Amino acid sequence: MADEGLRFPTAIGTSDEHQIRLLGQDLAADLMGKVGFGELAYWLVAGRRPTPGEVRVFETVLVALADHGFTPTAIAARLTYLSAPESLQGALAAGLLGGGSRFLGVTEDCGRFLAEVLKNGVPTDDAGFDALALEAVTKARAEKKFVPGLGHPVHKQQDPRTPVLIRIADEEGLRGPHLRLFEAIGRVHPQVLNRTLPLNGAGVCGAALADLGLPVDLLRGFALLARAAGLLGHLAEERRNPIGMDVYLTVDRNAVYEN
Amino acid sequence: MADEGLRFPTAIGTSDEHQIRLLGQDLAADLMGKVGFGELAYWLVAGRRPTPGEVRVFETVLVALADHGFTPTAIAARLTYLSAPESLQGALAAGLLGGGSRFLGVTEDCGRFLAEVLKNGVPTDDAGFDALALEAVTKARAEKKFVPGLGHPVHKQQDPRTPVLIRIADEEGLRGPHLRLFEAIGRVHPQVLNRTLPLNGAGVCGAALADLGLPVDLLRGFALLARAAGLLGHLAEERRNPIGMDVYLTVDRNAVYEN
Amino acid sequence: MADEGLRFPTAIGTSDEHQIRLLGQDLAADLMGKVGFGELAYWLVAGRRPTPGEVRVFETVLVALADHGFTPTAIAARLTYLSAPESLQGALAAGLLGGGSRFLGVTEDCGRFLAEVLKNGVPTDDAGFDALALEAVTKARAEKKFVPGLGHPVHKQQDPRTPVLIRIADEEGLRGPHLRLFEAIGRVHPQVLNRTLPLNGAGVCGAALADLGLPVDLLRGFALLARAAGLLGHLAEERRNPIGMDVYLTVDRNAVYEN
Amino acid sequence: MADEGLRFPTAIGTSDEHQIRLLGQDLAADLMGKVGFGELAYWLVAGRRPTPGEVRVFETVLVALADHGFTPTAIAARLTYLSAPESLQGALAAGLLGGGSRFLGVTEDCGRFLAEVLKNGVPTDDAGFDALALEAVTKARAEKKFVPGLGHPVHKQQDPRTPVLIRIADEEGLRGPHLRLFEAIGRVHPQVLNRTLPLNGAGVCGAALADLGLPVDLLRGFALLARAAGLLGHLAEERRNPIGMDVYLTVDRNAVYEN
């Protein structure tokens, strides 16, 4: 016999014979054709409808993170599609499973790091941000920790995404404390680390998402959503012009058996 | 140094120290802030930039498919998040893995069915579509196959998404042969099946995506992309207001051991 | 308010404060240390305890299928581990997701094909099996379908696993109709296909599992269980002696951008 | 032709036209029918063939961890099978993705905790183990950390698996420092925590695996392998006697929409 009080609350969606409700709206009448997909994704996670400026910054982040060529996740998705072409969902899932700490986690790590540093108060001017950044970078170094969002294996001088995203956030009045602290880290870290590293694109995306008020624990989720689009692009290309078999054969034929 | 013969061609993305190129564009200069996320997803899969009208229909489809409340996929994602909260990518992947033939496959099945029927020629007027639809439904019935896109467990009279999507496609000049054939199936099927079923939302989305020229084999991919946003909404809610533990306990406490 | 009759029946497991019951046994008293892992896996799926001979054939199949070097699934698992080393479950899942129709599905396809052919009656002697095999191969060819289990890209003359598994099944009195039909296919197919193909290892495993009475729809599951062990081996090696980064860099550095 | 510098070393497997080599052995001649599946899994991960005693302890651990009824992972696997029955690999992967920190991670956490404590030296008698355990539990409490392996929501007095596994390890001469330290924690923790908690089954399995010399970072992998068998059992039962649809409907019908 079941608990009488069985209740599974949700504010996301429900439907009856005549209507589908999503986020308190009538899906067909109020959302379809009136709300963009990025806007809906933001609304679903944040639980509130974003402003047009927030949507612009948010979609800019998704565009920035969607793809970066033959990453390990794209290759894994293609190899999985090669092996199980009947299950597109499996190939997409395999690609997303690489969205962890090392290749896709910087966005979340950076947002969390900045939020942590800002926990005890937000500076009011650049000098204040610089002081806070200096303290945070010094502490990270003392603890032998990386400062997330600093450095990039390819873009050694500057990541081209960083200034563009900062500019767009600024245009929309959304260059908030996380972005400002991130910029300050860009200014002050050389005096602690004795070298100048670029502020990378994954990091600036984390800062921008945190300034949008999105929950820091879920920032990786947006990187995954963006990457889902990129992975679909790879799978579409794999279908038209496959490389998976060649990747497999390259590895297999150059295997050196040491046993 | 690379193998001379080793070549992995791609038209998606590449980068060098100063630039990230995506789809033949400069990501930072030409795409960020200028292209929407839905637009980019379309471009990635189709390999061509969509028109504004195509983007509107495409995003309407994504919005229509993003969520449908406590589906099996949403529950699976929440249970996985409960078990492994450190791996958001795992919870999202677990949810997407339910995007198969039964709950999320109708979009692709419907698009494929319509494309198959249209393979030998496209009618020029409604009478022609009706005749083709009648033939296709009759054939499906004779082969004891379902006509994908017909019927819905909840929306027994009409799925509210269907007329809205058809109207928007029409407004954008994108109510093409797949949608017209789907509508014809809606008109003629009662005389074959002896009952009147609604054209469901998943089916009309498949028809609309096929009319956008997107590859039929990948239509499921768009349902998965849309659902990725819905699943992130569920995971965000699970974090704020969890139900996973209650689902688990409800099942476990009402288990009846038969051995 | 919940249904009063909420009941989730299971014959697998349950526990109370003092005992864990699994498959009708006391886990701690009757199974731990007394039942092998392969034996338990068989029991869990088949719902009955296997005989020692069945366990021997079953474990031989699992050993035969556990690994085959740098397959696409092993490479995908390693790339996922590279990207998200904190989530071993994600890397394992990514590898298993390649266990689909093309690289790991032969076992199930072959078992199903043989079961289908045997549906209308089981021959009593080799001549009868040969006649049935001839009919089945002729029909497959007429329908332009592959006969699963025939041919191998590397073992062009003979797959070394095939005679060994047949011998072991024979020793245990478990060389049943599926294996006998598979052997007959090996004898008769040249007269239909005009070339001689080996009976491959994945196919003979499917035949042997079907002769063990395991459900044909779940044969892929045993290939997956076997492969889980192989993938853990790859992940352990990736941890000690990684190749994932080199695979990624080989693909990325030999990318040819065509846009 | 391969890149001269391209080398992907592996000690796992390779094959040529006439032979499949696995772990330095001839798969068909030396392993099939001669090595058990559990033995092979151990060998694959550890890189060395286990002794018969090691195999017995190892398989006892796998049996102990294989299933625990309607866990969140089993329910997630069943819901995924309901949604995408064509992809058994997807349902299995979805279930394994719940093998994270909360429900399946105790085995690894406990092994790692014990290994960490033993890093600076191994006591020679029970008094030494008690002293070390006391220090470790006191330190954990001071840092407000849980001691992994202590306590169980159902088995409040004693987990029935714990004494059985310790006895079997002892019989095989494999009750090493990790198990002895774990037992010592069982003896001394009440004087620190002011209550008596049972040593749970997942924890004792981690201690036993660590005493087998298996790499602590991969202990979760064995829990996943064991659970793969349990999940296949659930999927086989879901096929025969499904509960997935009822779970889904129970949640959906008792949803309370708060928007």
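Going by the order they are written in, the chains are A, B, C and D; count residues from 1 in each one.
What we mean here is this: a contact is a pair of C-beta atoms (placed from the backbone, for glycine too) under 8 Å apart; a residue touches a chain by one contact, two chains touch by 3 or more.
What you see is a predicted model, and the numbers here were worked out from it, not measured in a lab.
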> Greatest Cα-centroid separation from chain C: which chain?
Replying inline: A
> Hey, which pair has more contacts between C-betas, B-D or C-D?
Replying inline: C-D
> When the C-alpha atoms of chain C and chain D are each averaged to a single point, how far apart are the two points in Å?
Replying inline: 23
>> Centroid from C-alpha atoms only, then distance chain A to chain D, rounded to Å. What do you get?
In response: 32
>> Could you work out how far the Cα centre of chain B sits from that of chain D, in whole Å?
In response: 38
> Do you know which chain D residues sit against two or more other chains?
Replying inline: 2-3, 6, 8-14, 69-70, 84, 86-87, 89-90, 93-94, 97-100, 104, 243, 247, 250-251, 254-255
>> Edges wherever two chains touch, nodes for the chains themselves; is that graph a line, a ring, a star, complete, or other here?
In response: complete
> What part of chain A is in contact with chain B in the complex they form?
Replying inline: 1-3, 6, 8-20, 22, 26-29, 31-33, 35-38, 40-41, 44-47, 56, 59-60, 62-64, 66-70, 87-90, 92-94, 96-100, 104, 154-158, 160-161, 163-165, 168, 201, 215, 217-218, 220-222, 224-226, 228-230, 232-237, 239-241, 243, 246-247, 250
> In their shared complex, at which residues does chain A touch chain D?
Replying inline: 2, 6-14, 21, 23-24, 84, 86-87, 89-90, 93, 97, 250-251, 253-259
> Contact residues on chain A for chain C in the complex?
Replying inline: 1-6, 69-73, 75-76, 79-80, 82-87, 90-91, 93-94, 97-105, 243-244, 247-248, 250-252, 255
